[in-house]
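Per-chain numbering from 1; labels A, B and C assigned in written order.
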Amino acid sequence: MTVGPITTVFILGGARSGKSRFAESLVVSSGLNRHYLATGRAWDEEMQARIAQHRADRGPSWTTHEEPLDLVGKLAAIDGEDRVVLIDCLTLWVTNLMMEQRDMAGEFLALADYLPRAKARLVFVSNEVGLGIVPDNRMARDFRDHAGRLHQMIAAKAAEVYFIAAGLPLKMKG
Amino acid sequence: MTVGPITTVFILGGARSGKSRFAESLVVSSGLNRHYLATGRAWDEEMQARIAQHRADRGPSWTTHEEPLDLVGKLAAIDGEDRVVLIDCLTLWVTNLMMEQRDMAGEFLALADYLPRAKARLVFVSNEVGLGIVPDNRMARDFRDHAGRLHQMIAAKAAEVYFIAAGLPLKMKG
Amino acid sequence: MTVGPITTVFILGGARSGKSRFAESLVVSSGLNRHYLATGRAWDEEMQARIAQHRADRGPSWTTHEEPLDLVGKLAAIDGEDRVVLIDCLTLWVTNLMMEQRDMAGEFLALADYLPRAKARLVFVSNEVGLGIVPDNRMARDFRDHAGRLHQMIAAKAAEVYFIAAGLPLKMKG
């Protein structure tokens, strides 16, 4: 088993940009035990189908966890030097926190504070959502703001940051 | 006439990012015979005016073709070692295929399979549409998914991939 | 006081991408006298709160100006070799011009023509808004087109252009 340096990687990209696939390739090439932490809730059939498809695509060598809200608690529970955790994705976590009317700034700070304490390698995936027209409704604007602030915090702590478009990674840090 | 290597180039960018102009500059500098393949349908006056303006901007040294659906068939029909074809754009082709309820995966695969067989240099232009807020309606979400998957397929086959913003190219591959 | 070369810098990014903060860091590191030119109008409480927060974040070492429409006139009025002006942001200026039904092409050209004549260093910030789904309404599409054209013009004149995502700058020119 090849154990690489313990670092946080942050992968940002648009819808269907290939960011999850790129994240999975980093996980596989790390040689560490593979853990997948899904933050999404399967609200409807469209979402259920996507989740099932992703799980099938990854195959049986992954341990899958689901946690829509307590991201830090779950990461601490499954922490370990021999593993890598792919967190997919931060934007769904933000959505869940907003629906539960959590203290966003507090939750983000707790996650940022946790990162240097993690023993596992962490690979975060998130959707860039701030490059279109300003949304009509306040909630969507708030969501963009929360996601953007969280992305800045994670990118500041990460050892490597990639922007993905058309399946191709562009290294922005590291 | 300078005949460069026969390769596929993929140019991705936002609305009014200057991606068509950059594509045209690549075509002109290739020294090959210039062909323009428009995939857009002129549904209304707004669209007609845009198409006419683009055509006037390119000037008379280009041969213009129009094909909203059978992209591979048209590319094969106008193929040749002495020419370069600018396909503008893939997102409009995706729109047309969706309206005709075609088998998207099959169409995309046929195009990807064609690329290595082309004798002409091919320069594809497309709009990145996946970096805003998740759209409210299902059709727009499906469109983002289709466009994103196609972009990944074309980028994987292309020799060079550029992301364009504010008229400036950022090389992502090649 | 460190007086750097007199150049125009253009910083493009999404919502909450950290573009204003990056622009401010360039201004501070220039060693020049700091001027802030706000183009936004405080239409509602949400906007007022954002403006007040930004002003508080910058602190008292900045001279703040407000000008929603006559950008060239204001830049000429506060011009000087000992200073740097952060213009935040071009997209709000475009919005204001559209609301007043100004001649957009004429306004953009006047700004582009002014840039080489400025004695102050100019740091422009703007939102990239063209990377999402095509908006439903005509005005939003026109806005995207105007913003995209202006971005290309400013980027062509600028000595340095940065694309910002997750707080990280990606140099596209310079």
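Everything that follows uses one rule, which is that a residue touches a chain if its C-beta (ideal position, glycine included) is under 8 Å from a C-beta of that chain, and two chains touch if they have at least 3 such contacts.
Molecules present, by chain and UniProt name: A, B, C = Bifunctional adenosylcobalamin biosynthesis protein.
Quick caveat, the model's predicted, so the values are computed rather than measured.
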Fill in the blank from the handout: Comparing which residue numbers chain A and chain B contribute to their contact, where sharing over half means same and under half means different, the two sides are different
Exercise for the section: Can you grab the rotation angle between chain A and chain C? Superpose on CA, round to the nearest 5°. Expected result: 120
Practice task
Averaged over CA atoms, how far is the centre of chain A from the centre of chain B? Could you give it in whole Å?
Solution key: 31
Fill in the blank from the handout: Touching two or more other chains in chain C are residues 14, 128-133, 144, 170
Completion exercise
Per the touch rule, the chain C residues reaching chain B in their complex are 10, 12, 14, 128-134, 138, 141, 144-145, 147-149, 151-152, 154-156, 161, 163, 170, 172-173
Handout entry: Residues of chain C defined as touching chain A within the complex
Key = 13-18, 46, 128-133, 135, 140, 143-144, 165-168, 170
